[in-house]
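The same chain A turns up in both complexes below, where it pairs with chain B and then with chain C.
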Partner chain A sequence: MQSSNQPWSSLWKTLFGDPLRAFGIVSAILLVLLAIAPAKNHFSEWRHYQKGYLRMVRSRGEAVTLQRHFQPGIQQIWHPDIGVTDRCTSCHVGLKEASLTDVKFQPYRKHPVIPHTTEQYGCVMCHRGQGAATTVEEAHSSTLAWEQPILPARYIESGCGQCHRANLEGTPQLNQGRALLARYGCVQCHSIKLPDAGVMQATQDAPSLSHIADKTTREWIFAWLKDPQSYAASATMPNFKLKDDDIRDISAFLIANSNPVAGDTLPPISQKAADSTAGASLYGESFCASCHAVQNAAGNLVGGNVGPELTRIGNKTKPEWLRAWIHNPRVYDPGTQMPHYRFSDQQVATMEGFLLAKSDSDFLANVHLDPATPEQIAHGKSLVMEYGCSSCHEITGIKKPENFAPELTRIGSKSISQLIFLPGMSHTLPDYIAGKIRQPRAFSPGLKMPQYSFTLTQIDALTTALLAQNDRAQSMPPSLSVPAPQTSHYRPAGKAGQIMSDLACFSCHAINGRGGDMAPDLTWEGSSVQRKWLEDFFRNPGTLRPALIRRMPKFNLSNEEISTLSDYIMTVYQTPEFDRESLPESGYSATQVEEGKQLFYSKYGCQSCHIVDAKSDKGYIGPTLTGVGSRLTAAWVYHWLKNPQALRPGTVEPNRNMSDDEAKSLTAFLMAQKGSGTKEAKK
Partner chain B sequence: MMTKRIPLAVIVLCLVVCALMLAASGCARQSASAAGPAPTAYGSAIVESSGGKQIGAAGSALPQPLVVQVNDDQGNAVTGAAVTFSGPSGVSFDPPTGLTDSSGQLSASVSLGGMAGRYQLVASTMTKAQKRVEIKSEEIALDYQRRLGQLLDDKYCSRCHNPESTSERVSNFDNLEVKPHAFTEGDTLNKMSDADLLAIISHGGPALNKSPLMPPYGYTLSKTEMQALIAYIRMISDPPYQAPGMVYAQK
Partner chain C sequence: MAKTVDQYFDDLRDTRVWRSIFRSGTGSSTLKRSLAIQQNVFLHLFATKVRRRMLSFSATWYLGTLTLGTFLMLVVTGILLMLYYHPSVPQAYADTKDLQFVVSSGLFLRNLHRWSAHAMVFLVFAHMFKVFYRGAYRPPREFNWVIGIVLLLVTLLLSYTGYLLPWDQLAYWAITVGSNIASAVPVFGDKIHFMLLGGNLVNANALLRFYVLHCMILPLAAIFFIAIHFWRIRKDGGLYAHQSEPSTLTKTTLAKEAQ
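Here is the complex of A and B:
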């Protein structure tokens, strides 16, 4: 032992034996230690990037300006009220330099133009990452101390969704994601609380199953549950991947549990369509395709997605139910979006024949079910409860379950340590969410979440919307939060209101903030049109826009109904901005009309979008104006010309800022266009 | 002494790291090509079937997949040829490599990188003589401002400026006496300055002695919106638009 200590003690003696030498050596060590901190600072990453920036800038034409703007040292954006401490601009030096858009590499490229500045909210608010960090690794990547790495650019719109609850024009992906959450029933099982104490609502209610035996057969339910998309490619219902025995029991329960609705079936109508093309033309004339899609020979869906796809409707519905539904859908489902068409018996029979022919003989060929036993029915009921069917569907005797699936209010801040990833998956929250939507059962075979058939774009949109549901969004100061507009529950009153709900006007038209966007907003229709035209339009609707596909169906209204509706519309749906009778509908001087004509064709080039003279004008974009003098009120035309956006926000016609005199002359010219414009356009 | 040793250590460390990285990248490249399925046939040419010249959002998947076709000497489709997609950093393909199907085609969904701009994608296949043949296609990624411009174009402009009709919308192009310029017409539009475009959009055609069929949008759109529109027009123009450099006084 002593011998091994020998060299150490001699070394000690040589170094520290002499007090002066010892002092020198200790000082040297101290100096070196003291140098470590400045050296670390000197070699830090952000200095390296700042030097690199100055080197890059030197060769550019605008070097002097850029050098003047450059501020050395650590930069920080600090907003304690919203939890922002971002030092990203220490390395991302050129974020605000307009001329650096051509830089192809980071961190020197200019930030793309967005509605906010980096000073306002910092960077991490949208991009995530660790704002206070000053090294690339710590700022961008997930570390032990900071779980939120930089968000991939494809989900960047989630940042907007933290404050903006309403749809924004510039964030189509976020809007789509939220719409999907509401439309595909995600929010029926997973509750998503909003910062203003509400919850996200589903937009489409799945059909009630309480009376399903009236509508369809057990065999169809079986085939549908086995694979909804094999019946209709566009079905929103997901695939629950159930075993055949389980489907047999669920279908048995649903049929046994169904109770009939009086009047929702009709006996066969003796008149049958003689002409085989009559069905197709009635389907076309009634504009069924505005809401319902049918797969064409090429396999493409043609039609809208408001109602269910009808490609194989003949396999689904019982003839007696379909007949009654076409006759009056409100008997079976009082809240349906489908209008009551008031078809004649002949038309009902024609439509029934046409729809029943839309079937696929193979679809139910392999479904053979024995009569259900009580055990099967009981088991079916327990399965229906287990899978939460009543979260979306109304089922007699089973209540809508509460908190059926995990709440997703803060899913966008979920800690990665709480997640279980699949092998080979990258350990990030967006990938987890997207993976879970793509293939939920891959995470665990026992999960109840069904398999949806979303496209890649839809999954990205859903992930974006879910990432916006995070802690930051919940704790945003109210001054920054932009709430969604209040949903309108407007209902027209009285007898006219009854007719309007019977015709399901709100499925296509919006009035006072409620309704669809397929057809024009009618909030101020009473100020806009002349009564006679409105009545004629109800009797024989045509299109006003030659280039549009969707058109108003003919509802076979009685004269009394037409007069009730017209009275209501003309009295109630008036704008407070002007009096509809403030300008005369005729009696303008010839010079004024001629002046208006000059303005129309020469100065304002209106014929590029509108048709007044059906022979020479070709404009296809705006409504046809051939009979506008018999259609619109002069006051509406005048105020429209003065400022179209004031009467209908978001309309395509630009505001021309014309003088009062010009607007008056043009009004005179347009009001001189008498005649029934709709008939000519109807072709 | 200490200060001398640090750089030495750093250099050694760098060398080791570089060697490791080289080895790793070599491995990765090998494993990537090994991961692709073995080709059962070889073609002599590769062509783009569809999916080129798309416009998408930066960082997002393009609306349509990129479809390429492998042909033999006679121009017949080749089934089972191996195709590899590649692109600048940030671009991802699903699948990145694969065999052509019975119609000689391989389709991949493409996600563009996070930066706005033009992305050149390359699809390549090997001929029998192990020669690499490739086809390049260009896609455009839009940032927030240009996407806003795209939405505005869709709403206000494309009805006349885009001669193509879709099933949703009939083009008004043929109905106009004076034909508007398509926004991709770089030969014409690239010569116009941003100020000229802004003048035409806000004051209409007559502002630059052009047709009054082009209405003024200055009272309808905000300046931000018009700038977004111009940024979008510049981005999609073909040939690409080169912004004039800033002019500074020389010494």
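Here is the complex of A and C:
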């Protein structure tokens, strides 16, 4: 023991034996320790990256420019009003250098082109992470003192959604996510408040179940509830994963609860279809596929998604109801988006036969239900209330529940400590949201949220849209938030208004800010077209755009209806900017027409998008202009040429900044193209 | 004729400037040495004479001195931190972040303050245990023991009020819980709670109050009581010598008494 202690005790004596020497040594140790702090400061990460940048820059051709742009020291983007203190540019030095796009790695590569500059709103606004930090770990990761790590790049569009409430051209994923939230009824159960005091509205109302016994059978309801997607792959209704007995009781309740609507069934029509192909051609001529999809032999959906998928419609609807629906859908559902086609009895019979044939003989083969007992019906009702069916569907006697599911207004900044993750899941907010959408019941079998059949792309889109619903979005200064355009509740009045609602014009056309985007905006149609053309078009609609498959269906309107509609359109839908009679429709001099022709073909090259001479021109982007002189008013053509965007914001037609004379000559040339353009285009 | 270091010090003490500041002058006589202590505003708190044995590590483990050392360190780092800190709700947390990320050696400064605070609480307790188990609280030192208890409370309050200042979640909830404990006091509980926070919730007022307490009121109180504490050590007969190593004087008295 003595010997082992010997060297230590002698070392101790040498160092601390003498008080003065001990003081000196302790002081030296203290000095060294004190030097660690400034040393750490000096060898900080951001300095390391700035040195690395200068080293990299030296070997490049534009070294002098880059060195001149370089500013040493901690850099910061500071906007206290929106809570931005971003020091990311201390290491990410080359973000603004246009020539650094070829650098393979961050932090030196140039930032991709975005509509804003990096100084404008900083980095964290879109990328998240900790902007104030100056070390790699603290800035990018979730640490003890910072919860929000860098957002994975695939959700980056959520940043745009914090200010921009409307759809943007550059954010397809965000747009899709928001559309899905509205279309799949997410917002029917989860309320999402918008910063401008509104709430996100559902775009598709699920059908009312108050009269369902008129429309379909209990067996179909059973099969549908068991698995909606087995009936229609594109069904928006999710799978509630119900037990067979529960489905039996729910279907019993829905049938028992249904009350009939007068006139929503029709007796069989004796006139039968002329031949077997008549149904298919009527379906095609009526452009049903613009709104309804059908699965083709290859399993792909063909058609629009405004109305329900019709692949197995024959399994669903009762023939007497379908007949009445084709005849006039507004009897059963006054608010439907489907137009009231004025079909003849024979056409109704043809269409009915065609649609009923779309069925799958196996679909209901295994569904056998005994008559319902009162207990089953009562149990069905309690299930319907428990699962919140009336959040989406109107059901007689059951109110739409309020606050049925958690509000999602600020889900995008939910604290991770408040979330319960599944084992094996990475602990980040985007993963949690995506996991919840993908398999909600996995988080707890008792949860009511149903199973949707979203694709991974759709889940990413939904997650992006939900991440945009965060604290920052809610507290954005009004000057920065870009609200969605006001939803218009415009309704045309009078007799014409009645016809327009009967024809469901707004399902495809927009007028005064309300309506669909499938067909042209008609707000200024009265200034744009000549009355005679309009009437002809109603009688026999053709297409103006040769490349489009969709076009307006023929509604078999009576002459009286056509004249009422035309009167209304020509009188009401005019632009205040100019008088449609300010320029004559004909009588231009031959020289002016010739000058216009030169401008059309040579100076402006309009034939690359438009067709005037059907034999030689090959433009398929814009509408066909053969016979445009009989279709449009001269004043419209002239003002359109001067500034297309002023008449229809967002149109593809470029503004060529023509002089008044040039525009006049071109108008003269175009107005000389008389004839029935629509008929020629139809060939 | 080489001068020793001590001779240089003696020359320095003989200069006019030195004499104008320290009035005691040179010389190592007992009188001069006791005057040097008595006539200095800082040193006069201490005893003029200390037993050599009491300066050894084993006598006190230097716990009181180390506590004073951490306190001085806290004062210095605290003043430096005050240069970077705004006691306002939108600023406080950002300032803590700035200290961590952009202030030169800011993190070092903050950590030094934080660890010194932890060390001071530990040392205060250790000091009290040592005093307690050695029996040094007994007469005539019972009043100084009470002063020590007050200093313990001041230390704990300094620690507690400083905890809120980073204004993070930990701080917020610690103070919420802590102040709710205060409201458990019978009759006056809610009033104390309201007075402490300047409201019913931990908010801007509470932050300001805790800042003032932490940086003004409590440090002044600590300095005041520390001064009394030190002065009483001298008045109570210097550092307490342990009974297991009694002085020769007490040994003979004890022997006399035994007879």
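As a working rule, the second predicted complex is superposed on the first by the 662 of 683 C-alpha atoms of A that agree within 3 Å, B and C clash if a C-alpha of one lies under 4 Å from a C-alpha of the other, contacts with A are read in each partner's own complex, and residues count from 1 in each chain.
Convention: a contact is a pair of C-beta atoms (placed from the backbone, for glycine too) under 8 Å apart; a residue touches a chain by one contact, two chains touch by 3 or more.
Please read these numbers as outputs of a predicted model, since none were measured by experiment.
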Partner chain(s) touched by A:I74 [first = chain B, second = chain C, both, neither]: second
Partner chain(s) touched by A:S27 [first = chain B, second = chain C, both, neither]: neither
Which of chain B and chain C A:G61 touches, first, second, both or neither: first
Which superposed partner A:Y620 touches (first chain B, second chain C, both, neither): first
First (chain B), second (chain C), both or neither touched by A:S659: neither
Touched chain A residues, chain B compared with chain C: B
Touched partner set for A:N41, first chain B, second chain C, both or neither: second
Which of chain B and chain C A:T135 touches, first, second, both or neither: second
Chain B versus chain C as contact partner of A:Q598, first or second or both or neither: neither
Contact residues common to both interfaces of chain A (with chain B and with chain C): none
In the complex with chain A, residue positions of chain B that touch it: 2, 57-61, 63, 94, 109, 111, 113-117, 143-145, 147-148, 151, 155-156, 159-160, 167-170, 172, 174-176, 211-220, 224, 227-228, 231, 243, 245-248
List of chain A residues in touch with chain B within their complex: 32, 61-62, 64, 99, 101-102, 104, 109, 112-115, 152-156, 169-170, 172-173, 456-457, 460, 546-547, 549, 602-605, 608-609, 618-621, 645, 652, 654-657
Complex interface listing, chain C residues touching chain A: 94, 97-98, 100-102, 104-105, 108, 168
Residues of chain A that touch chain C when the two form their complex: 36-38, 40-41, 74, 76, 85, 87, 132-135, 138, 145
